[in-house]
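Pasting the structures in now, so scroll down.
In what follows, subunit A forms one complex with subunit B and a second complex with subunit C.
Moving on, here comes the complex of A and B:
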């Protein structure tokens, strides 16, 4: 004979089995609530992760090092390096040496006009080291045609939209005019060697990449001066810790450099992440408040049908508190069964959607959020904290919903109920 | 037959020395519903001695069950006082009354009222569970009692798998296994055929004689009336006949 340790749990379990259809429906409702909260949270976090991953990974990087006064004006004169400045190569190596940093690369920034035939567009000019940049920026993987610029040649890698506006393709030549650091107006002829498509309209239409040495020449910067060192970190949320480490380590040898992580230079993404986080709690409350009414209704019916049994318990010497407790134990068992069912459905779904997220781009194309490109795939992140909290909320719901029925069961008048 | 081992603290002998098992003094029960007042019990005063085997008889609506419920503390008297084992239970707080019922009173109902989700053994041991008696002790006592009352082997059956007579024996076991001073039985044989009914009466009479448990029945059963040591007839809520047979 099966004799579980806790008689009240056993009693609760058996009572739930008396109307198995009703129990399955109730537990199913709670399980569905658990599943929806956890999966929706996972989807939201997946979307935020995608947004942050792309928003920081496409171009900006998760860490940036600048001259202390470079931001926010982005003056062409505020550089790292130069005659009295830091050793740029040494600084790149120091940044790359942080355990969280995957790669680091130097950049030079400029702005100007790019002309081809009768067409001219304003362009942000980003001078890169193509080989090192390929390990830092995801945008380097978005080539649509041609190739990356190479060496120190006057080669341009432009966005698809800019190419469309200028009616050019790889092999065509463009004239680039840009204000230089010495007050002159730099201009030169560049060859388009490739076209990229990031999916972000503001990048594809306004940015042109070129070897940083060629941009230094164009805007009259000496070859030992750059504006930025960008670094890639696999988990964007580790960037603040890496930033702290680098601030401490670089202050000794590179005192003029300022290290910032993406939460400082892309604060809108942090705000979006916080917004999603608050939405998770709203969802949790809505789902389980609705569940309370469903469970309470079921428990009220179940306890009303058993008034006579509660009267017998009272007649046998059970206090109202004992009767109340017996109903609450039943709700604990219901909660446990619901959680088991919910977990059995939720966990495989989470693993599936994490490992092989369904692509719904057929429904709608890529979209941007807080400056980050978001792919329409239902990828979930594992919301471990929410899984635990939702389980707790499920139990609170089951027990909370049973409180009123339990109190009413405890108040049954034995003599009256036994004569019904 | 096996004899149930009784612990001194749980036998009927713990009743207050010299006090009646039950004493009622001018007990009234008045129900009022939608302005209609019904006097179910009207000024009943009686004393039932320990080890008694008493029948409350009378037509339907005479107040038998109501009086039984008041004696058992399931409902409170509108007026008057009730002592059980010398203790005044009239105004006991609900928790104390429940505790007192648990330790001192056993109930047997007409409809058996076994909990359907529990086995026969679990039903019988339920009051001991409430009293916090260890599981091994509970099982030992129930199995011994089941053997004594002829339902050994039925321990693991649910009530739905038992006959009416077997269910009522389990109900009797549940009532007496905790060694109460008093067992109150409301129409215990009403749902049983005559042979089963007779066997059940034999069983309760034997428990009364061997264990000294006081039994008070509310019944229409002529066989049970015939076997009673004391016969009390109620009509319209009042005692109209009180006869001690031996």
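Moving on, here comes the complex of A and C:
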């Protein structure tokens, strides 16, 4: 027989109203638990998104194409397509054609010495197509002085720390020396045209950007030989799918090329993301296990106070099941009220922080995590899955905590209880 | 500085050996029984180091990706100073390396600049060869850093030799965990040395041959260095001209000398 639940709901609601202060405190506790789990998860995901966004966005890109043997040794000889090189323009366009890819750019890597006056530093040389690179790497937006290198000229764009070590500023000349692919010692004069500051010490002190054609000349690589095509994908988690598509589409015309997304070449970031995800569950369990005891205590008190009432109900013919049910429904209503309260507090907070992340630079400056720069803001990502899970956990908590009190209420012996 | 990023930094001390010059004469007197292993190793070591010398050298470098031949002119004074100038190929001609004490400077004629090699890059390859810059600056003698014991005495490949095992002294700051050094008994000429890392794996070997007389001294005119981890690769040095006992002065090893193409 299907009886409507409405009377039970009303009954539960009324029972809760009988000690409204206690109800508000209990519901407030559950709501706070819900709020803290969801907001902490949102903050954690925001931090991870920030880390991945910057870690992959500053320089590496979310997707890269190399010769099969280029990584991990990064030999200068392992260009895409081997010694014969490849149709660089066609390859860049093929990568950029993927729907997830926003932009793609070719790169040539070298290493050597950069020297000015009495000072010489070891430097990683990254040959770029400045126009295309600007759409791929966030680092191109970190210029502090001067401008980007342009065209194919012998122009250098160096990190602030390197500029400091060499005591140079835009307009100054530097000698760049690098072992070339033919065994000779490439060396030439370059003009510093700009200085950048990424905030990542290892980049600002050791990396120099230059037009890739000028690096090819320096290290004796022909114009169709590049080491990497890097691509930008807005949502980093879409990169693995784009990687699969490109593996298929490039295998036809660029057989020797290997396509990898950031989860392959920056696995430590995936590890961090997984670590944070597991923290979410730990947090969920801790918060709601604590809540179970709080709610159970309240319900035990509430049912103990009403022993005589339950005894009367039983004496009037109510079965233990009916008593049990009434207590459980009371708990369900408590859960619903707590969730409403929790959501009412949590959602505006999430939207607010998502739209305008609070600046906490007064607390700490920029810092790096797994090689990614993290801005000093409380970035929040919407943890949709966790909102549902936490709501579910809240109900489980409320009902689970009421089980024992409900069973005890159902077992009340009318004669004994009424004698007290 | 050739292979600034030439990945393998195989430092080692025997470059001085061949590159910088040969010096002290090996005694041609017959070896007596009471000569200790240490004395023999020290004698051979000093043979491969130098007082003052001038030479023309052909250096053949074979790597997986390229092969090239460098013509070098080298002069040295003691273990403190050396100046190496590249004569050929044309692309690198005029480039030079100056070792003065524990510093290395390079001159690049194309941009007409001298550049001091940062300390952090001492372990990198010199001009793409299998020698490192560190090989150029090492001044300690073998017996200062290593204990010597005789591992083998007898005939190998038809030649009567000693094989010495050199193990680092506890306080020595060296990169090799063991050196196996073969020396001809008859004239105390070095034959072969093999270098091992701390795991006991071979890292590289050096073989000497073509013993000949220069300025009245018997020296090996050819030296081949073979890295253990790069099959097929090697650097070969052959002395085309070699003379000793020249009256160089420290001033002949100045930055000005480095920039002057033809002294």
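General observations
The criterion applied here is as follows: the second predicted complex is superposed on the first by the 410 of 420 C-alpha atoms of A that agree within 3 Å, B and C clash if a C-alpha of one lies under 4 Å from a C-alpha of the other, contacts with A are read in each partner's own complex, and residues count from 1 in each chain.
One rule holds in what follows: a contact is a pair of C-beta atoms (placed from the backbone, for glycine too) under 8 Å apart; a residue touches a chain by one contact, two chains touch by 3 or more.
Given the structure is predicted, the values throughout are model-derived calculations rather than measurements.
Partners subunit B and subunit C, once the complexes are superposed on subunit A, both fit on it without clashing.
In the superposition on chain A, no contact is made by A:152 with either subunit B or subunit C. In the superposed pair of complexes, A:87 makes contact with neither subunit B nor subunit C.
Of the two partner chains placed around the shared chain by superposition, neither subunit B nor subunit C is touched by A:172. Within the superposed three-chain model, A:238 lies out of touch with both subunit B and subunit C [touch as defined at top].
Of the two partner chains placed by the overlay, only subunit B lies in contact with A:312; subunit C stays clear of it.
Using the contact criterion defined above for the overlaid structures, shared-chain residue A:144 touches neither subunit B nor subunit C, since it reaches no partner. Using the contact criterion defined above for the overlaid structures, shared-chain residue A:277 touches neither subunit B nor subunit C, since it reaches no partner. Minimum Cα separation between subunit B and subunit C in the superposed model: 80 Å. Taken together, the subunit A residues at the contact with subunit B in this complex read 1, 3, 7, 11, 14-15, 17-18, 308-309, 312-322, 413-416, 418-419.
Of all residues in subunit A, only 73, 75-77, 110-113, 115, 118, 120-122, 175, 177-179, 181-185, 187-189 touch subunit C in the complex they form.
The touching residues of subunit B, counted against subunit A in their complex, run 65-66, 69, 72, 74-75, 94-95, 98-99, 101-103, 105, 107, 109, 113, 115-119, 122, 126-127, 129-131, 135, 155-156, 174. If you check the complex, the residues on subunit C that touch subunit A are 1-7, 61, 63-68, 89, 91-92, 95, 106, 108, 110-111, 113, 115-118, 120-121, 125, 127-128.
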